[in-house]
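Have a look at this one before I ask anything.
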Amino acid sequence: MLEITLFYIAATIALVATVLAMTRANAIHALIYLIVSLLAVAVIFFLIGAPFAAALEIVIYAGAIMVLFVFVIMMLNLGEEGDARERGLLHPKIWAGPALLSLMLFSELLYMISTVDGPVSSGVVTAKEVGLALFGPYVLAVEIASMLLLAGLVGSYHLGRRYLEREE
Amino acid sequence: MNMSEMTALMPILMLSLTAVVLMIQASIKRDQAVAWWITAAGLLLSLWGAGYARDFVQPVTVLLVVDDWGLFFTTLILMASLVTLILSKESFSPEGERKEEYYLLLVLSVLGAVILIQSSHMASLLLGMELMGVALYGMIAFPEKGELPLEAAIKYLVLSACASVMLLFGFALIYAATGDLTFAGIGAKAGEAYAREPVLLMAGSAMILAGLGFKLSVVPFHMWTPDVYQGAPTPVTGFLATVSKGAVFIALTRFFIEGQLYQYSSLIFALSAVAIASMLVGNWLALQQQNIKRLLAYSSIAHFGYLLLVLIALSMAIDADTNRLIGEAITYYLAAYIVTTLAAFTVVATLAGEDDSLSMIGAFDGLFWRNPLQASVLTVAMLSFAGIPLTAGFIGKFYLMTVAIQSQLWVLMGALVLGSAIAIYYYLRIIFAMSKIPPASIKLGSQGDINKGPRVEFGPQDLLAALLMLLVLLLGSWPQPFIAFAGSL
Amino acid sequence: MADMIWLVPLIPLLSAIILMLGSAILPRLLIGLLGVGSVGLAALLTMLLGLEFLANPEPFQLSLWTWMQVGNFSPSIAFYFDGLTLVMMSVITGVGFLIHLFSTEFMEEDTSYARYFAYLNMFVAAMLVLVMADNLLLLYLGWEGVGVCSYLLVGFWYQDSANGQAARKAFVVTRIGDTAMALGLLLLFTELGTLDIQAMVGAANIEWQVGGTLPLIACLLLLGGAVGKSAQLPLHTWLPDAMAGPTPVSALIHAATMVTAGVYLIARTHGLFLLAPTAMMIVALVGLATLLMAAFTALMQTDIKRILAYSTISQIGYMFLALGVGAWTAGIFHLMTHAFFKALLFLGSGAIIHYLHHEHNIFKMGGLRTRMPVTFWSFMIGSAALAALPMTSGFFSKDQILLQAYQFSDIGPLLWFGGLLGALLTAIYSFRLVFVVFFGKANTEPEGDTGWRMAVPLITLCTLAMIGGYFIIPVADVFPVASGDHPAHWVEYVSISVPLLGVLLAYLIFQSRQLNVDRWVSSSVGQALRRFWLSGWGIDWLYDRAFVRPYYRISGLLKNEPIDAIYGLVVAINQTFNHWLVESQTGRMRWYVASMVLGLIVLLTLALQIPALQPTEGAS
Amino acid sequence: MEGLNIPLNHILLVSSLLFSIGMLGLMIRRNIIFILMSLEVMLNSAALAFVAAGAHWGQPDGQVIFMLILTVAAAEVAVGLGLVLQVQRRFKTLDMDSANRMRG
Amino acid sequence: MVMINLILILLVGGVLAMLSERAGENMPRRVALTVVLLDIIYLLSHLSGMADLTQLQAPMPDDPSTWLMHFKAQWIPAFGISIEFALDGVSLLMVMLTLVLGAIAISSSWTDVMAKRGFFEANLLWTLAGVLGVFMALDLFLFFLFWEVMLIPMYFMIAIWGHENRGYAAMKFFIFTQASGLLMLVATLGLVAVNHSATGQWSFSYFDLLNTPMAEQTAHWLMLGFFIAFVVKLPAFPFHTWLPDAHTQAPTAGSVILAGILLKTGAYGLIRFAVPLFPEAALDFSFTAMALGAAGVVYGAVLAFSQTDFKRLVAYSSVSHMGFVLLGVYAWNELALQGAVMQMVAHGFSTAALFMIAGSLQERLHTRDMREMGGLWQQMPRMGAVAMFFVVASLGLPGLGNFVAEFLVLLGLFQVNPWMTAVAALGLITGAIYSLILMQRSFQGEPNAKLEGHSLTDFGRREMLTMAVMMVALIGLGLYPQPVLDMAQPVLQSLLEMTSVEIAP
């Protein structure tokens, strides 16, 4: 019972934090809400028997990727006037249409999900199992992922280097 | 992973190796000429590898499957990459003192495409697509000047990521429904899952179609296409149009066939709607377009609409003969499309370079008299796109029509005919522009100075363009060997 | 000799070709020699042929080659020669020769001398083919050939658009008739399986009943052709305008030969018409109506050539009347005499016009009796013959027609009376012409009288117009014999006296002025009638409103291709779609995302239409 | 941690909501940084769905895919943020609505 | 091989002509003319060895060896596509017409085209090659290939060397014919598919596809696909609107080829494919087709009348004349078919000549607008006389080829439908109206004030020679058409027999 209660709390936090993150004018504020959301999702991971994923969610997602955002935001040094403009842009005229679309999308997903039943899981999938899978059948995927990171690295290096060179 | 499996992965290994060598080279001494040669050698080696791997066709782990069909397309996109490579050297980035990274990205992108082609698992599909995509972002945004490449890159990144998430979500739903991530596994369990949770399965498939549809730029996921085509450096556009789209289409086909998605009439119906919309919308959009890169973008929308017809035909396939026909049709059409597109972009890259104003149709006025070779190549390419006989595009269209008739897809057939009829207009517009005689020369009444126009020098792009044109014509006028080959895959 | 018959049309044709090719290099004398000589030669040959034929009156046929052979359709280029052919050939070559000769003087100063003779020769050739043709298709060739030559000659002075207008009118109006005739040919071939006139008539007599529908339709279609060519109601309107051509042309084509082709056609195919009594009745009525209408109109004209033109229409009306009542011989006889005296009158008027500075209005002439004596006498004799004064050629032929008309079934007397009324009018208008032009005071001074090249034809024709009535045309074997009995004598007396009365009236009105008609004429009814008659009974006006203007309007409306609007619509639809879709490419990323989401929603909606049945049939 | 009986559809519901919210953010935000954040939210939603599905079937594959998604997210964000820097430098703004030089 | 060589000579000749431009700007036209003459000689030399052309054997549709020539080689065996050419009397006629008019067209471009002559002559020759292919190909795939490919050089001719509105005209021409060609492609594939399902064999060969059994409905649709493609090219009302633009804007040689030859491919297609492949469907459809033909005859003539552009008028006259062909084909009896074939030949000459005259006028006056002409006879009597000849030919004067054609068509049609014949016969009247107004507006009437002071050169020797060839041809066709009829007769006979067997219940 506890897990279920925890799950609903975590889910609520995740959703609220995400909504708040999406509607902030200040990027740093938004980012912090986003991190909260990610942490909440990590809790859900933990609750549904994926402790390894939960750990990674915290370490990499909330920890590493979000920090990247922070760096960039700091580097750009967005001022107060930027915030003001962002606030002005969040006008109903702008979000009404998209909100309707999102609502439609969600209701379709809702309809779809409503047909699913049964509990999420019967047991915990441990880090060991994941590790075995990762370096068993998925070993090529790991290799390819490394290439993917390399591509990301090279791309961001190329783009970021020029920025820095120009700044100097 | 035994030796045989490793050998089967030869093209992938060679490409990875090239990437590593490029990294090492960059850390020792940055020299873009050397990098170019390394890349070229790597691509050639991979080509060799693709040929070598033909004797070792097999599934490699759950992720990849190496088969003749995939190897053929691997070969094809490797060649396309070589074309891109040649074009990149000659015609892009005047400032490019640092092109090593570009070559690295190119290799990585090709690697992603090859993985995509050979993927038999959601993970490899995802990774292949992302690898190809992420490397492409860097390639699109590579030029240091101008706002268009940047705008194109950012649009592509955001929209492509959005599409990837749709795809991923769809995978998740299907996984939830079937409990399997391999295509074949999904196919095997889908029947049972459909009986239990049809909604989940269908919604998942629809989201996957949306995600892949974005990469193929079919309606309504087409809007990014012209902007990215226009903004990206022309060789990259060519790469995007051929390698990226071709690989994604192969992956889609694999998923569609292995996952046995053709069984579901609602999906087929949705796909038909997408196909028809693409055929018509693509052509309508292109009608008055003045920028040739955008025009080609719109035309590609229509072409992938045509190609979807083949997948739809799978649902109607009645006998083995028709199935063989469908297989050949995909192979032929895609090959023809890739070759033709490369020919077109070779010309555009050669003539327009990175200058956006030079890719306006007006800049092609009278090209026949200034640069007959390039003009002829572009003409042949346009005719091939339009499906005029003696070009590869015609045989492709011929295949599509035969498939449509055999499968009795009359509505799609109607859209195909209608779309082709509309398309003639804008392809012809380009040819017309190129054939304009400069007004002065008419007054002169003799060939006078018009003939002084043509360039004297004959660069590698000219050779390349001529080769591609010959290939288009050869595929169109003597298709039997290729048909036999495609039939054997 | 008979084998050489093909030379008769060939000689003028060759001459025409030579003249056409050599128009720029041949000297005038040679042109004249060629033009006149070729027709003269043809006339000579005709004469020889005629002599031979009269000695041995056996019709013969000469086939040159099979024109075309498609299935059982195999018309030949073949000639048929009998009495009727001989009469026609004689008229064509004989009168034709005289008119050619006349032309050498008349056209002397014209720059296009060679072209003129080329056309004229070509006309003679075509006309000969027409009358010599063994089958209707070849006849049709000649028929159209003369039409084209008529067109060319009417529009000979092409610089004046009015001439071109007249020429086109002539061609198009006759073409309407020709088309009917062509349809008749189609019908005849389809039903009878041949177009050879003799074989066809034979077949018709076997296959068709007298009074049947098919012969009626066929005859009416042929009549359509005849009516067009011979300027009968309702297709007569072209002839008065055709006077725009040189006067000798009017004499040859529009008086002596071509316009009588319709008469020839009906006479030639009389075997068919005998199968369709209704058609014959219609022919007679058309003739009667035309002769009266044209006579009234002629009475009011002031243009000398238009008077003659209407008179021609009227006289051909008599011929039609004759054909309609079965007086074949009389009709052909009148054709011949008419050719003489009408050619004479036209040539006479040509002389007047030539020497009177191209003046056409008779009221601007006058007193020419002394100044142009040859012309005057020509006119006197011609008019007398036209008016059918006793002992002239016209008298004999017209008399025969009237008498036979009188005997024609129930309505015979009615036809006779109509013809008589026409004769009275004819006498009045022809002598009105004589009195106005040659008597009274001179309004215009002529440049002189005719030279010998004009005088010889005039005098020859005078003679023919006088004595032509005593000729016996050798058509006895061609036509069925007319009934032998004569009508009552009073009929004959009346027929003889009416023209005389007409001349008297003309004298009283136009010469001695003892009969003042001014009061009638100036009355409103009289004015209206005068205008009505002057305009040719308003038929031109009617056609203009009913056909010509609507055609122009329709053509003008359609000019810019309304069908293209349909395709324009297709283009517009495509452009509209293009416009909308291009508008959707805003370049804004958020909008693009929205479209993707919308697409996803649509896809999901479509995909979630889960069918009741499970997977469709499919192969792996 | 025995007896995990949270209904699967509830987790998928959360995931769908996150997906929709992310999509909404993508559609309403103009600032490129927020757009990237929205993408992260969406990726996260997909990851959640995968992990849930994996848990449902008791397989490690869901978590493996989760890790791959992490990689993808990292790579995308890395390049994306690199582009952000360039955007700021060249357009002098992060407002993506002003990046519409190409259209039509 | 002879047939392939005929095409190859032209193709290679085109390349030579293009290259020869370097040797001097007058070279291309000489080379081109030589090539066409060479082709004619080549053809004749091979024909002379054969049986008397007027005594041909009837080509059996199921036995290619009874044809005059037959060639077959594998091409794309996967689909049963082969390079199959065959020649019978009708195709031979068309081939000869093509080559003769080709030579004439080159002559007409002698002084007309000034820029890029090499490429121009090359396109001209390539068009001819394509047309020859159309007339000889008996593999439906190959036929379609030539059908489409011949348009491309034609397109270039209009688009590059055309007059002021060339882009629009060329585009319209290409899209009309191409779009309708797509329908034919679909119909071809449908037919092949039906044949495939019946026999299990892929084949595009005409000989195999004849007598393909199929459902009535299917046959109707497939027939319609062919029909539309052919009548667009013919062109028949209401698919004709591309023609006035294309003809008007094309350079003289282009108009000559377009009117003289290209239109005939449509008629040829009807006779060769549309009817024999689907005899029952064609029979059911014949009333509609004939109605279109009759409508075209009248409509074209009415529109021709109001045109002020010389070439446009002639173009509409083509619409009218081609209506007769459509009528003849769908009357489908020997008389009408002979008429249609005859019309194809005769119209080829008469219209080509009129277009050449239009071209000469444009060259001299720099306008085609008849409102700026008038009284030209005075300065150019030779041209006037020639124009008069062809005008009366086009209005169907007996003794000239067009008359024979029209009369035969009407004669055949009358046996099928007299009322339709009456409507079509209206074309004789309206034809006269527009033909004569053409003469009136250009050569007759008062000399146009705008032309005062211009000295216009009359036709020279070369032009007169070209014209003389066509005049002689028309007179020959008019007075002794038998050789042409004899050549076509066996073919038509066997077609009729074949379809009548089919039609019989």
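Think of it as A, B, C, D and E in the order they're written, each chain with its own count starting at 1.
The rule is simple: contacts are C-beta pairs under 8 Å (C-beta built on N, C-alpha and C of every residue); 3 or more make two chains touch, one makes a residue touch a chain.
Treat the numbers as computed from the prediction; the structure is a model and nothing was measured.
K.L.:
Which chains lie in contact with each of subunit D and subunit E?
P.N.:
Touching subunit D and subunit E alike, sorted by label: B, C.
K.L.:
What chains do subunit B and subunit C have as common neighbours?
P.N.:
Chains that touch both subunit B and subunit C, as defined above, are A, D, E.
K.L.:
With one step meaning two chains touch, work out the least steps from subunit B to subunit D.
P.N.:
The least step count works out to 1.
K.L.:
Taking each chain's centre as the average of its Cα atoms, which chain lies closest to the overall Cα centroid?
P.N.:
E
K.L.:
Considering only C-beta pairs in contact, identify the chain pair with the most of them.
P.N.:
A-D
K.L.:
Which chain is most remote from subunit C in terms of Cα centres?
P.N.:
Centroid comparison gives A as the farthest chain from subunit C.
K.L.:
Quick one: report the Å distance separating subunit B from subunit E, using the average Cα coordinate of each chain.
P.N.:
Centre separation, subunit B to subunit E: 42 Å.
K.L.:
Can you work out the whole-Å distance between the CA centroids of subunit A and subunit D?
P.N.:
About 5 Å, centre to centre.
K.L.:
What whole-number Å value describes the gap between the mean CA coordinates of subunit C and subunit D?
P.N.:
So the centroids are 94 Å from each other.
K.L.:
At what distance in angstrom does the C-alpha mean of subunit E lie from that of subunit A?
P.N.:
Centres of subunit A and subunit E (C-alpha means) sit 70 Å apart.
K.L.:
So which stretches of subunit C touch two or more other chains?
P.N.:
Counting only residues that touch two or more other chains, subunit C contributes 582, 585, 587, 589-590, 593-594, 597-598, 600, 604, 608.
K.L.:
Residues of subunit A that contact two or more other chains, please.
P.N.:
In subunit A, residues 97-98, 101-102, 105, 108-109, 111-113, 116, 138, 141, 145, 148, 151-152, 155, 157-159, 162 touch at least two other chains, as defined above.
K.L.:
Which residue numbers or ranges of subunit B touch two or more of the other chains?
P.N.:
123, 127, 130, 134, 137-138, 141, 154-155, 158, 162, 173, 176, 199, 203, 226-227
K.L.:
Determine which chains touch and list them pairwise.
P.N.:
The set of touching chain pairs is A-B, A-C, A-D, B-C, B-D, B-E, C-D, C-E.
K.L.:
Considering the complex alone, what residue numbers of subunit B touch subunit C?
P.N.:
Spelled out, the residues of subunit B in touch with subunit C are 154-155, 158-159, 162-163, 166, 191, 194-195, 198-199, 202-203, 205-207, 209-210, 213-214, 219-221, 223-224, 226-227, 257, 260, 262-270, 273-274, 280-281, 284-285, 287-288, 314-315, 317-320, 323, 422.
K.L.:
Would you mind writing out the residues of subunit B in touch with subunit A in their complex?
P.N.:
Subunit B residues touching subunit A: 1, 16, 19, 23, 60-64, 98, 101, 104-105, 108-109, 111-112, 115, 123-124, 127-128, 130-131, 134-135, 137-138, 141-142, 144, 173, 176, 197, 199-200, 203.
K.L.:
Under the touch definition given earlier, write down the residues of subunit D that touch subunit A in their complex.
P.N.:
Subunit D residues touching subunit A: 1, 3-14, 16-25, 27-31, 33-34, 36-38, 40-41, 44, 47-48, 51-52, 54-56, 58-64, 66-68, 70-79, 81-86, 88-89, 94-95.
K.L.:
Write out the stretch or stretches of subunit C touching subunit B in their complex.
P.N.:
574-575, 577-578, 581-582, 584-585, 587, 589, 591-593, 595-596, 598-600, 602-604, 606-611, 614-616, 618-620
K.L.:
In their complex, what parts of subunit D are in touch with subunit C?
P.N.:
23, 26-30, 35, 96-97, 99-104
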